[in-house]
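Take a look at the structure below.
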């Protein structure tokens, strides 16, 4: 009976969403010129007259070369990154905060009493291969977030990869225990650094999270102003944070 | 059609939340809904024939219709991470629920106050 | 300046993980700095925006400080400040509280739909963390699941708004021509997404468990967070969607009022009883907001302020009692000050004269009658009648029954705060302008979407 | 392309149903992880490489890891 | 001193009184009494027409004004309150919360005065709630049951109050003003009978709840019965009269005869008024019958208050000059009588610590002054000349008979006879009969306690002989309200009250009674006195005078053999299986509790699954409604 009701209600919900689908443009048939993202792609937000734009006068620039050029308001070749870390950097700060909040939450929920290791005999192959793979994985993670503004990826996947390395350490080495003080201070200082970047922007450019470093040539490594720096802090923060979460859940308490 | 897939996944997630008695399954269902919503969001930004919004050597020029919408992608990046945060808190709560109520099955949990 | 309201608690929260010991002091610091910032920018009387990273709206994210968001932020931060005065209460939750403070401020100030979703999620996660205090894990988990569903639906609504208008900026969404069916989709989803935080029936299943589970959660969630959530209801349905979907809100809210009060009637746990009362009051506020005029919204927030102040006192006292006494009979004989403030707060809740609740309740009824709404006052009065029943029962029980237990140590700071707030309630009765002016300004700002749109979108570059 | 997407969608739906209805929680977690992995394909098909990478590492990798670790912490959890 | 200043300073003083009483409650009580004396002199010095602003609410002026009605009701209230204040100076030493009692008593006084002064509906509401709130906080200071009593009192009072509030704002919405006389003016010209009737009945319901008229009368028994003993005197003597005042405002200040002239029901009385009269008549029946049954003396008089509230309502409801004056005069009579009776009971309880009639007896020898006070009070309450109680009842009968309302008149007569029965029960059970042994050391209460009683009794007696000082203000009130202003009823020049079917000369009647009394006293002294016999021989240790019934047999249930148990057994048996309204209301309360349980169980307690279900269902319903 419960299932029947559930199926009925679930089907109703699906029907409702299908009905709502009729109100948005069909799949793949989107006109970007109606959306703000056109200007993110063109990197010309500063030159758009917003009051005209909102009333329907879309000022889409003509076709132009972006890659390898200088002097745009934002320098990252990866437009998603430019949105994440520059145009909508505040969202990302929020996102970092979500992760931070959940790390704090996990710590508070699980924390308190004495800790004991969760024992499971690691096998030999895992241990040896970890020794070989670990530096590579960490390097890969660092690469991902350092190149976040050029290639797909960025702080979050990069940090996650680092956390995966820590997880691997936990699985392979019975004795291993993450140094909580180090990870916490890394997490805290990196988070503060992000806010401080924002505050520097406020001091220099008059707006929180203002991109206060010069943009280079689109497509080169040192190009996108604060973006690589921010991504680096995010990467380290997420890495240490998720490692902390993994460690927190992994370690067992007694009593 | 991607819309259809994601909507059906949302339906399944809700169905799972409604029928399952194991709290772990609730977490999994929630995660399914998250993923489905993410797919939905990306689908709203898809442009037929568009490319990934990254300027490269082979794709150096800006033009409307050439790229997919990057904004939903940026949003989804955030949404994914938020999902993980929720999940981590949920998982740690589950650990403690299991300790306190000796089960994570709604019907077998002990000492749940009315 | 505005961005500091979010940046400072956030920065201090990050710092506080490194120095756990001083997290309480940092929390206090953050609260007091925020209050100073707010006092410095007293009622802007216009729309002041702060474009993040200097990306002008509707392209970038912007914070909006108008009379509405100012009043909401002021109230929210004031409550956080009060909590921060009680270090015993905060325990190891200083970091979470700072995050919650940043999130609530961000949620209120932001002018961007997706950004508000992000802040809502931070609020949910930190709230869950706070809710899990005192091993209240199962209820926290329920809240998490419900909050997760609500978050997903809120996100879907945001995406629908984005596809319909091409932007996430509230001002732009507000002025954009959206087709009627699209508007229905968006507002329906927002009703549900916000309904969970705004405690609308039947989306509010988490409330009793979370508020009833420990002493910190109701004090902070029942005042600040619910104020933030209900502010958003007004902002979205009042300013952004011009009252579209208000009838649904109105109906749900009326059901909420009755359900909340009725459920409170039978509660044996004092925290839960007043948690349900908080549900009912949220219903009153939402119903009032859904009337959509400047006056009704102003009165809604006036009532909400009074309710929040009263609830702060009630939950503070009740939380202290529940976790220090097994049997609550006659405990106020030992804690006269706590008892007096509790009684005053509860009577304010009912709307007895001499207390603030009277002013708001009567004004609301008066306004509703002049709008020719005869149903809502009747429901409100019926709810008040039920409220009288349990409020008097609790008061009589806590004051007059035979006491059984030894006296616990009186919390000095908490008693002082409770007493001051209770006296504030009397002061508001005598001089309603204390809250009413701000609330009416808030109502005007929320109802005037034209001003909002102009204020946000005409800015060329975001200033301080 | 379209057929591939349908195939992926089909797999996802099956995985989702399996994740929801599986008798053992471990199976559910693995199905869930499979769902995430297939969704990575969808993201790539929709030209969202950033999302794909994040989903692969975070959604499929980390979430699964967190869930598995939780599951082991609870000594296999409660089998339904 | 302006009226508003007076009320506000009274409220502030009440808080000061609390702290003074914390140091010494006796000083607080004496201060209270002095303030009361001051208030009485103040009230008599005020001129009608004095107005004073209280503030504004939403652009509506809140005003106080002093009218003849305010004077009359305030004076009656203060008489009761001040005597209780005096009484309390001694009586409070048996109480647990003297400081709070003093504070709330003064606060309640302020609230009541405010109600009588209010010129608009909201001001009336504000002070009404202050009076209710403070009295509600005194009620639970009694014994254990009083806690529940407070809750029931609060809820029932609130149910009336909120209906009143709804009506007030309905009137505001329609007429754009809250001022009572403005509303009255506009209602006359308002063509819509339905809304007028709704406003009328909603406003009246506050009075119905407060003065214990039938559907909302049950709180009287439990609240009067369990409140602190002396406070019952205020509850029954004064607070209930707030309800009568509101009823008078709705019926007379709003000229109901003219407003509802288009719906006459019976002999010129509109349907709305007739509805109230019917409720009043029901209250008389219910109150009388229930009072006869009670063993608890305070509950007994509580039910008598229900019946007397009915008299007042009927009298005012007729809107006949005679009936109106009778009803309003009855307010005075009942206030004094009930206050004295409850104070007498308080004295008895103060000495004996029980309020069960069947546990008492023979206190006439121990507490003669209390007995005397009680005796005169019940004479007034039962409406026997020469006490003032007769006059008001007589006037009400006159009006009823003239209007040809014979059924109502019959019920009123019935209630009058019933009142002989029930007031006699405590008289016989408490003061006459055998003195239980355990009370053999009981003493008369101190003068501080009996003086207020005797003052009230003397006032009542004097008014019974010379009612014109009270009738004059009532007559000017009647003139204010425009109820047949030409008709003169009181005629002090000829020592007459002019009814339509004969006149009443109270002085003459008193002289006749006096002569009769003197003759009886002479006869009493001529015949030999009865001899007192101690009948307690074999059961000395129980102390219960039971051996007169036993023929050497041991009695296991002595209380059944007390002649006061089932005093009116035969009569009670006639309506043993009566339907209980209290149970109906209890069921209503239980319904709300069950509903709450259901809401809690279905929506708040269950697992996340159920939450998900409700969320989805809600979306679907919203979608279905809106799409």
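Should a chain be cited, it is by its letter among A, B, C, D and E, assigned in written order, with residues numbered from 1 in that chain.
Criterion: a residue touches a chain if its C-beta (ideal position, glycine included) is under 8 Å from a C-beta of that chain, and two chains touch if they have at least 3 such contacts.
These numbers come from a predicted model, not from an experiment.
Following the contact convention of this document, A, E is the list of chains adjacent to both chain B and chain C. Here the chain-to-chain distance from chain A to chain B, counted in touching steps, is 1. Nearest to the global CA centroid, when each chain is reduced to the mean of its CA atoms, is chain C. More C-beta pairs touch across one of A-D and A-C than the other; that pair is A-C.
Rounded to a whole number, the gap between the C-alpha centres of chain B and chain E is 67 angstrom. Averaged Cα coordinates give chain A a centre that lies 73 Å from the centre of chain E. Inter-chain spacing, taken between the CA centroids of chain C and chain D, is 37 Å. Chain B and chain D have Cα centroids lying 10 Å from one another. Shared interface positions of chain B, i.e. residues touching 2 or more other chains, are given as 1-2, 4, 8, 10, 12, 14-15, 17-21, 23, 26-27, 43-46, 52-54, 67, 71, 73, 75, 77-78, 80-82, 84-86, 88-89, 91-96. Multi-chain contact residues of chain A, defined as those touching 2 or more other chains: 5-6, 9-10, 13, 17, 19, 24, 30, 35-36, 40, 78, 80, 88, 91, 94-95, 98, 101-102, 105, 109, 152, 154, 156, 245, 249.
Counting partner chains per residue, chain E has residues 605, 607-608, 612-613, 616-617, 619, 623, 627 touching two or more of them. Pairwise, the chains that touch each other are A-B, A-C, A-D, A-E, B-C, B-D, B-E, C-E. Those residues of chain A lying in contact with chain C across their complex are 17, 19-20, 22-25, 30, 34-36, 39-40, 45-46, 48, 50-51, 53-54, 86-91, 93-95, 97-98, 100-102, 104-105, 108-109, 184-185, 187-192, 194-196, 198-199, 201-202, 205-211. Those residues of chain A that touch chain D in the complex are listed here as 78, 80-81, 118, 120, 144, 152-154, 156-157, 160-161, 163-164, 167, 242, 245-246, 249-250, 252. Against chain B, in their complex, chain C makes its touches with residues 114, 118, 121, 124-125, 128-129, 132, 135, 137-138, 140-141, 144-145, 147-149, 151-152, 155-156, 159, 162-163, 168. Against chain A, the residues of chain B that register as touching in their complex are 1-4, 7-8, 10-12, 14-15, 18-19, 43-48, 52-57, 59-65, 67, 69-71, 73-75, 77-78, 80-82, 84-86, 88-89, 91-93, 95-96. In the complex of the two chains, the chain C residues touching chain E come out as 141-142, 145-146, 149-150, 153, 181, 184, 188-189, 191-192, 195-196, 201-209, 245, 248, 252, 259, 262-267, 347, 352-354, 358-359, 362-363, 365-367, 369-370, 372, 374, 377-378, 381-382, 384-386, 388-389, 392-393, 395-397, 399-401.
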